[in-house]
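Quick one: the structure is below, and I'll ask about it shortly.
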Amino acid sequence: MNNAFKKTTLASLASACVLSSGLASAQEDPVKLGLMLPYSGTYTALGEAITNGLTLAIEQNGGRLGGREVEYVRLDSEADPSKAPQNMSRLVRGDDVDVVIGPVHSGVAMGMLRVAKQTGAITIIPNAGLGAATNQLCMPNVFRTSFSMWQNSYPMGKVAYGRGHRDVVAITWDYAGGKEDVAGFEEAFTEMGGNLVETIYVPFPSTEFQSYLTQIASLEPDAVYTFFAGGGGVSFVRDYAAAGLMENIPLLGSGFLTEGNIKALDGAGEGVLTTMHYAETLDSDANRAFVSAYQAAHGEAPDTYAVQGYDTGAMLVQALDEVSGNTEDQAALIEALAGVELQSPRGPMRFSASHHPIQNVYLREIRDGEHQVLDVAVEQLEVPDDACRM
Amino acid sequence: MDLAFFGVQLLNGLQYGLLLFLIASGLTLIFGIMGIINLAHGAMYMIGAYLVYDLTQRLGNFWLAILIAIPIAILLGLIIERLFLDTLYKRDHLYQVLLTFGLILVLNEAQRIIWGGDVHSVSVPAPFDASLPLTDNLQYSVYRLFVMGVCLALAGVIYWVIRHTRLGIIIRAGAVDRDMVEGLGIDVRTLFTLIFSVGVALTAFAGMIAAPLTSIAPGMGDSILITCFVVVVIGGIGSIKGAFWGAILIGMAETFGSVLIPSLASMVIYLIMAAVLLVKPRGLFA
Amino acid sequence: MKHEAILATRGLTRRFGGLVAVNDVDFDVKPGEIHAILGPNGAGKSTLINLLSGEIPPSAGEVCYRGKPIQGKSVRQTARLGIGRSHQKTNIFPRLNCLQNCELAARIHMGGVFASWRSRHRAREVSRRALEVLETCRLTHRAHTPAADMSYGEQRQLQIAMVLATAPTLMLLDEPMAGMGREETDQVADLLASLTDRYTLVLIEHDMDSVFRLADRITVMVDGCVLESGPTEQIRRSEKVRDVYLGRHDEEVTA
Amino acid sequence: MLHSYPKRVHFLLLALTAIVATFPLWGKAVFGGQADFILEKLTLMLILALFAMSLDLLVGIVGLVSLGHALFFGLGAYTLALASPEFSPASLWWMLPLVMAVAAAAALGVGLLVIRTKGIFFIMTTLAFGQMLYYLVSTSPFTGGTDGVFIMFRPSLAVGETSLLNLDDPYVFFYFCLGVLATGYLFLRWLTRSYFGQVLDGIHDNEHRMQALGYATHGYKLIAFVISGVLAAIAGMLAAMQYGFANPAQLGWHTSGEVLMMLILGGMGTVFGPILGAFAYEILLFLYEHLTTHWPILMGLTIIVAVLVLPRGIAGLIVAPPGKAEPSKAPWLRRLVGKGAAASPPEVTKRRVQS
């Protein structure tokens, strides 16, 4: 007979016995975690890093959550938003998972959230930075362990002004993530009194930047703020350096411009400033321990995505301990998750009312092929999320 | 818009257009002679870039890497043609579309298995790793000039081959009427294998020389494919001359479109295509 | 009025690049006649037919059909005016059966698809006409056979049947007997002969026996020009034609 | 005769329909707790079947290979998304005609441009137009951009105050989609067997000859293009209704490629083939995804093999439809399969040469 069927019978049996229903199912069923991450296509590396981080955290807890074995159901989200609802539905309704972890891609997140709303499935977003997830679309059963576009770019607005830049040009891809990111920068920068001369939108996912660089050179701003990611980030930074702009016009960005790309930048990124909630060089015990454990387990250095996965795992460890492994009582589990406080590799981290991390955002500079932390740009930054009602 | 700005943008548009021509030339060649629509064309571009990345890593020399990568690309074209396409010439274009779509899935995933999902890059090779000042605050990579030179030279070679060699006569005849090729007493099978391999190699080569200018990432071939299609449609399918002017037109349109009408930047090439189709349904040079 | 030409060309010329395929051709077809066009390969016969039917536009000159100029009209338009044509290559709908082939041809000249949809009577008329022309072409027994499954000769006959089904005033037939055996050729010749009371025919044909048997008048073309045009007897006796055309005839047979 | 099939085909189709239609009766017994999920998946397959079937009219019947059909699918989804009120369900009485009208207008506009092109040109121009709308939707401020939009409420079907069908109930929605698919199927069957369908067959076989007979073939093709677009848009609307979500990816050329795959798997030109194809594709995808994260390789190879050995798809196995000569397999494949016949040189399509 089917697992779900067994589980419901057991659950009703257990509730009939009144006592320790959590323990009863703990002996029988593993906790089912549905991973809806990209395992093929452009974002594969991110999906894998998150998975590695997540499993590391759970392995460090003896491979158990709240005393129960863990079963992973991996589903390739292939970063295809049009398939997101059906994939999410398959995890929740088909595989009957207890918690869904995903996705990487904001468009996919939208599709998942639609189903999360219908089904009430507990969802932890380990990457996708769309603001709406914890703002307009926030719901009790949805958490995020990563960042929002706003959270990573808002601090840079302050930093840019603080470093004396007054006229700044922003450039990003013409897509939702890019627009949200630049909006965060603009908010802080103009609040302080800076002037955003122009925002240039590049058709997504073009990496042909020459004409834009020419435009930037002719505008002669004090600095350029940019958001590109992946191949686009690499291309932009290299082209920016090759055009000789790096010497005269400092390049600022939100962390994803260079995250995971330092090697591919081939030395071109030296001196680029970015703000982000993590840097691999963070000087803390938690981070050092994490980096060496990750290195040992997976044979490579962790990146931000791995940390986000790791914290997702750590969060589950804490919350499921809190409820003694009982995943049947959703309300209790949600409450436990919302109450999680972590000493993460990225620093202290807890959750806001909208279930978004309250965390430090660091100012980083690329020096000698590493993200060196210059400063904490904003300490324990909380995302306002003022459209969230729950 | 001052004159210097205009001049630099002209240069940008020309450089982009020339690279586009190199990528699209293989596509239009294959269309023209073989009547085959190859959706996996973008994947070939990606493979060229990855090959040169991999070989540069191993050998430490970009030029050597290109030298070795070209025969590999030709071989790949040969295998694909003999194994899969050989059977499709008689059939409807639908089957070509589907088979090459299947090839995209396979090649993209093979890329991931072999090289992983990370973003890579190739350093600009000596002796072109320098920059020239264009304006007081803008420099231009010498390698970009070199790429332009290579593209122009290849365009010249292709032009010469088509105008002045026996192969060229066959190609021109084939683009007009494929029966005539048989009439000339050509072994069509060998010709097709040759053309397809050369077409694939041209595209892969474009990926190779473009590698130091771009980032090497999964899926990099997908977006270039559609742009190439637009180039070929505008120029006229099978026409090398059309591909050349189509590519220059698109290069200029993207460059100036992004500056002058930023709100339509992503659509400008499609709008041009629609306009061309309205006036000349078979393209400008067909 | 009876002898006024149903189709006339004046100075009709067609160039392909540097090649003049049809050069300054004046040519008349009288109502009710079978007019054959003779000439060696490359003489411009098919090009002439293509110009008459509107498949290609002329470079110069005019084509008059029933006294009105029609050059520059598309093949579809000339078809609607009552000029039916068959092609040198078998040109049928292979997946459809014989009857459907003819119905398609008949329907467009009987009000089109939507008329058949609106009126059952009209639809029945279309079928009747299709059966009629199958009968004429002796294909009734093949009515429900897919065209692709028929013999080559039958396919050629079907092609003529389809032209007939469009109820043309003028038929342009490009080598209707090409590639047929003796027996089939005679059959088609008989068929064409039986049509003369109702239709005007322009015919390109290589089979000399059939041409001389069928044609009322003959136009001989060489190198895109009209060499001679006149009643069959005149052409048969013409020294000029014998020299130029029959002199090349051998060479053509081997070609 | 073309478009008429042996009795066994009809029996098989009826049997399959019966199996699917009675799923709510036996689903629980077989799949237990997963039945709801399977029902949802089945509903999706029905929607995709409609989408694939609409493309069959173009590709299989008229012979126009479109690589931009997702344009209409996405257009249907986005029309619903943008026209739906935010805080209450829209009425399907309004939405369905609206979606159809928008799709028809778009198909007419695009069709006027693309229908004049043929073969490869048609493929590439449809592809480019699909991409054009993709970028328009991705960058427009009204459409939610690349993240897509939510449709908070499923449209309702009511007369006055009384609800005719409670489409929010997954079982009702399932039967609703089944009904739409059946209607679409019967419509296309009727169309392909009608006088109009005969003209389309003629155009598929020999467009030039059709013109020589006097048919304005462009007009007929345009009508087929519009019908096909409208049906695809209805499928897109249903897809958006099912998950309450529309995204630019639904318009992208990968979606167009996928639906072509369904067509080849099922067998084109048969109207019922694409339905089987949509089911087969989704089932294969489901299995492959469970098997390995490298599933695109398996899917790619499946398509390649289908093209090489099964060009007429599943439908071709059930019924051998009359058609052009059996396409030959690759020489190496023939040797492998052992069906003799020496390798023949590639034969290019003969074109009439002017003489």
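Brief remarks on what is shown
A, B, C and D label the chains in the order they appear, each numbered from 1.
Heads up, the rule we're going with is that a residue touches a chain if its C-beta (ideal position, glycine included) is under 8 Å from a C-beta of that chain, and two chains touch if they have at least 3 such contacts.
This one's a predicted model, so the numbers in the text were calculated from it and none came from an experiment.
If you tally contacting C-beta pairs for each pair of chains, B-D comes out on top.
Put simply, the chain farthest from chain C by mean CA position is A.
Annotation: 47 Å between the Cα-based centres of chain B and chain C.
For the pair chain B and chain D, the distance between mean C-alpha positions equals 31 Å.
Chain A and chain D have CA centres that are 37 Å apart. Touching two or more other chains at once are residues 40, 174, 201, 203-204 of chain A. In chain B, the positions touching at least two other chains are 108-109, 112, 266. If you check each pair of chains against the touch rule, the ones that pass are A-B, A-D, B-D, C-D.
Note for the complex: chain A touches chain D at residues 1-5, 8, 39-40, 74-76, 80-86, 89-90, 93-94, 96, 106-107, 109-111, 114-115, 118, 130, 132, 137, 174-177, 179, 201, 203-204. Interface of chain D with chain B (complex): residues 59, 63, 65, 67, 113-114, 116-117, 119-121, 123-125, 127-129, 131-132, 135-136, 138-139, 253, 257, 260-261, 264, 268, 294, 296-297, 299-304, 306-308, 311, 327-333, 345-351, 353. Across the complex, chain A is touched by residues 2, 5, 8-9, 12-13, 15-16, 108-109, 112, 116-121, 123-124, 131, 133, 135, 137-141, 144, 213-220, 223, 254-256, 258-259, 262, 265-266 of chain B. Residue ranges of chain D in contact with chain C, taken from their complex: 1-2, 194-196, 198-199, 201-202, 204-206, 208-216, 220, 322-324, 350, 352, 354-355. Residue ranges on chain A touching chain B, taken from their complex, read 40-46, 48, 174, 200-208, 210-215, 217-218, 220, 230-235, 238-239, 242-245, 248-249, 260-261, 263-266.
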